[in-house]
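Naming follows writing order (A, B and C), and every chain is counted from residue 1.
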Amino acid sequence: MSAHEKPRAPLPAEAMSLPARYYLDEDHYARELERLFLARWFYIGRADEVPNRGDYVLREAADESLIVTRGDDGRVRAFFNVCRHRGTRLCEQPSGTFTGAIRCPYHAWAYDLSGRLLGAPSMDQSPHFRAEDYPLVEARADVWDGHLFLNFAAAPPPLGDQLGALVAKFRPWKMEELRLAHRIVYDVAANWKLVIQNYSECLHCPGVHPALQRLSHFLSGENSAPTDAYLGGSMDLRDGVETLSRDGRLVGACVPGLAGDDLRRVHYYAVLPNLLLSLHPDYMMTHRLRPQGVGRTEIVCEWHFRPEAADAPEFDPQGAVEFWDLTNRQDWHVCEQMQLGLASRAYRPGPYSPREDLLFAFDRLVRGAE
Amino acid sequence: MSAHEKPRAPLPAEAMSLPARYYLDEDHYARELERLFLARWFYIGRADEVPNRGDYVLREAADESLIVTRGDDGRVRAFFNVCRHRGTRLCEQPSGTFTGAIRCPYHAWAYDLSGRLLGAPSMDQSPHFRAEDYPLVEARADVWDGHLFLNFAAAPPPLGDQLGALVAKFRPWKMEELRLAHRIVYDVAANWKLVIQNYSECLHCPGVHPALQRLSHFLSGENSAPTDAYLGGSMDLRDGVETLSRDGRLVGACVPGLAGDDLRRVHYYAVLPNLLLSLHPDYMMTHRLRPQGVGRTEIVCEWHFRPEAADAPEFDPQGAVEFWDLTNRQDWHVCEQMQLGLASRAYRPGPYSPREDLLFAFDRLVRGAE
Amino acid sequence: MSAHEKPRAPLPAEAMSLPARYYLDEDHYARELERLFLARWFYIGRADEVPNRGDYVLREAADESLIVTRGDDGRVRAFFNVCRHRGTRLCEQPSGTFTGAIRCPYHAWAYDLSGRLLGAPSMDQSPHFRAEDYPLVEARADVWDGHLFLNFAAAPPPLGDQLGALVAKFRPWKMEELRLAHRIVYDVAANWKLVIQNYSECLHCPGVHPALQRLSHFLSGENSAPTDAYLGGSMDLRDGVETLSRDGRLVGACVPGLAGDDLRRVHYYAVLPNLLLSLHPDYMMTHRLRPQGVGRTEIVCEWHFRPEAADAPEFDPQGAVEFWDLTNRQDWHVCEQMQLGLASRAYRPGPYSPREDLLFAFDRLVRGAE
């Protein structure tokens, strides 16, 4: 056993990869999206993307367009981008600021920032019409330490209930204070679950990620007990390595107050269904997964740093960006090769090794939502 | 009430826009195309596109290719573009003249201009074969004042029966004499019914078409009683405006004999299922709608003028073309935004205002054909 | 009757082309592919494409990727390109040589050239795991005179049983010795059966292929009795014509030992389901049909010559290549026009002439597999 190795318990004999339909069947995909994705709190971006009253961004989720905006009361709300008159999209520009009202471009129905219908031309001549019957349709929104989540369920429990232990665990990272430094959007020809499975084991790291393997040994991973809300753990940085970057040196200032092992490790958590949260001593990387179909996923990867680092004139995040961009592309490639192979009549579920224990836990959740 | 306003009666409480399936469901679309479109007389172009014996144009309707040609007897006929031998397309060039026969490029089966099979190589050695069993398959064709219509039903009533009062109403415009001056083909990502609905109300005009609103007030519209065959009415030109054009001045010669209100108005009629007929004092604009799928429509827009105008050396239709090209694009854009919005889970039918009365009538027809 | 004409017996009255669903229906296509194509020996290329131990090529058939490789025992085998661990594609490069093992790029599972699993990282910690349970999944492979065939059935009879009389008939051409001189890949928007039907009659030749008609009269064809395995016959070269080429002169050396009529004819055999084998006095042309969907076929056309011709410094196959490339494109075009016509509501089966007798035989086979 390597000096780096943290052992794992054997898995039961039934620990086999999922049948192919989970990755290929369009109907299965549609049901899964409703039950496992949209009926949970899913990650949609950062709350500071709409810093002021009236600011908005458009976000897409499961073929839906949502207007995410901050109201007069300072609260962030999300509205389906659909006029209550005849259904026209209200908003086209990906971001901006509403001055006054949210106004439909077709017949000028107007709504306030809480979704209330303010005016509807010529409807005053309709005796049956009552404006209060036609507010914008809202999706639930909630925030965790700067991360913005939505939920399409009618009356979901609070986001904090879903996240459980993570809320306290990652408070020392002061995630709300971090600032976006870089974003790369990837288009990956693979089912979204393959991306989560890929993120949840490092058995593939020696062959797929030689640069990562030089900075962090693939057997050094140690997992938390998996829950229905998240899967994750940490991996050690090798001696002398300060963070994951091109040269292993710090890229930004470390999070103030972080101490001990957290300065010699990276924490990797798949916050289900679609946030991959990677906490380094000096930066946070987020992957937001956006399923685009049973075999396609858009992945928005962002690098977030401390404000005191990001504000420094000489600040340059490229050491972290380039390291992970390379690693990301290596991962997407094997995910795509797996998506292709799963479509074969020769595919049948194969056995997980003990180092793929989180995948076995994830698959149980996936099966349970079927 | 504005001085321009022509009032409308309130609509009943059930006057709501159609459920989303009418615009999104592929199967619904296919049925609707058969029942509401192909089993009626639909507009296919102008009879003078095949002026002489043997001239032909290819026309597409509902994934069908049709050969529209003028026979030895001067009649226009339409044949499905399919050889009776093994089914090969007979004709590829979009227009031309048949000299002698319509000949299949594969095995040289030959047909005359009335569709009769003239020759079939090597079939003389087949004792069972009788040429009269294999004429081209015909679609019904009929002409209204220069407008050519087809009908896929086996034995439809004459075109005039479908058109009803329109035949007499528009005789003063002498439409048969008009000449094509310009054509623009648009590809619109919206269901064909959204285009008809958009054409059938001007409640959207102040916001969507400021240039049109300057020449013709959106509340000046007055509709005929809607029928199963057409929806339409007229709108007044503002004082001092002669026609709809870039500068409001006439572009061509007025139709001789037109008088009174018809020189101060534009008539807009949706001749169902697919001709939008817009009669100005000095020109006729036609939109031919060609559904390409549940969410896509090709629109052929043409501007037709009096021969004495079109023949004048200094004639330039651009004043009318540019005005309407701008207006068209504004309309297609909101139709596309509505098509997008209808696909949302948040869409539900919304209330029509009194100024959308023709849409309510159209929707009843659409529902009735379901 | 022309001096060239070889007469044919009349066909029965039911000899009509197939209903449209055989060419248009996606579900029909999928079933047909299984029953008529993959459950037979189908042509996949030439055995000399993997001359040495460890050499491989990737081949695609019916959305499957196959690794075709030569083992330590000299035998050619085909494996589905799917790792037994989690299903990843093993191999991406279209050809190459395995040194040592076939290794999965994701988690490094390794297989020998007979498909046996050699190693699986971390699986030694799984008490249930037995490597012998996870060999690569194999597809049957067999060779006829240099032609390589696969079969997806579990235990098919030998290739020779399927080919029957062809094995002896074409032995004089020493096909195994021939060398590839040129390859052109065509993408044709037509069902694969239309290509076979097109190849199986020359009634279309005078109109479609004037250059071919100048070298070989369309009525000179004489067919073998059709079987379930092949359809074909020969056509005479006109007096003074040596082979089918730009100028009718030989392009390569004639096959040694060929004599008599075989030097004045071309043999055309559709070896079902997907090899079109055209034997000229001095070269072999092969068409490999690769169905890509109900209405699309990729066609790999290759020209193969004697080694003594191919090795000569002045050798140039272009006289044969250009002649057939022109002829091929003429054929694909009428196939595509027929595919378009079949989609019309006006299509109904039409009568075959006596010169389309092989099509009637082929269609019976197609109907029988439904």
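Here is the rule we go by: a residue touches a chain if its C-beta (ideal position, glycine included) is under 8 Å from a C-beta of that chain, and two chains touch if they have at least 3 such contacts.
This is a predicted model, so every value here is computed, not measured.
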{"item": "Shared interface partners, meaning chains that touch chain A and chain B", "value": "C"}
{"item": "Angular offset of chain A relative to chain C [C-alpha, multiple of 5 degrees]", "value": "120"}
{"item": "Copies chain C and chain B - interface residue numbers shared by over half, same or different", "value": "different"}
{"item": "Mean-CA-position distance for chain C and chain B (Å)", "value": "48"}
{"item": "Residue numbers of chain B (touch at least two other chains)", "value": "none"}
{"item": "Complex contacts: residues of chain C adjacent to chain B", "value": "8, 10-11, 13, 17, 20, 203-204, 206-208, 334, 337-338, 340-348, 350-351, 353-355"}
{"item": "Residue ranges of chain A touching chain B (in the complex, touch as defined)", "value": "63-65, 80-90, 92, 105-108, 120-123, 125-129, 134, 137, 152"}
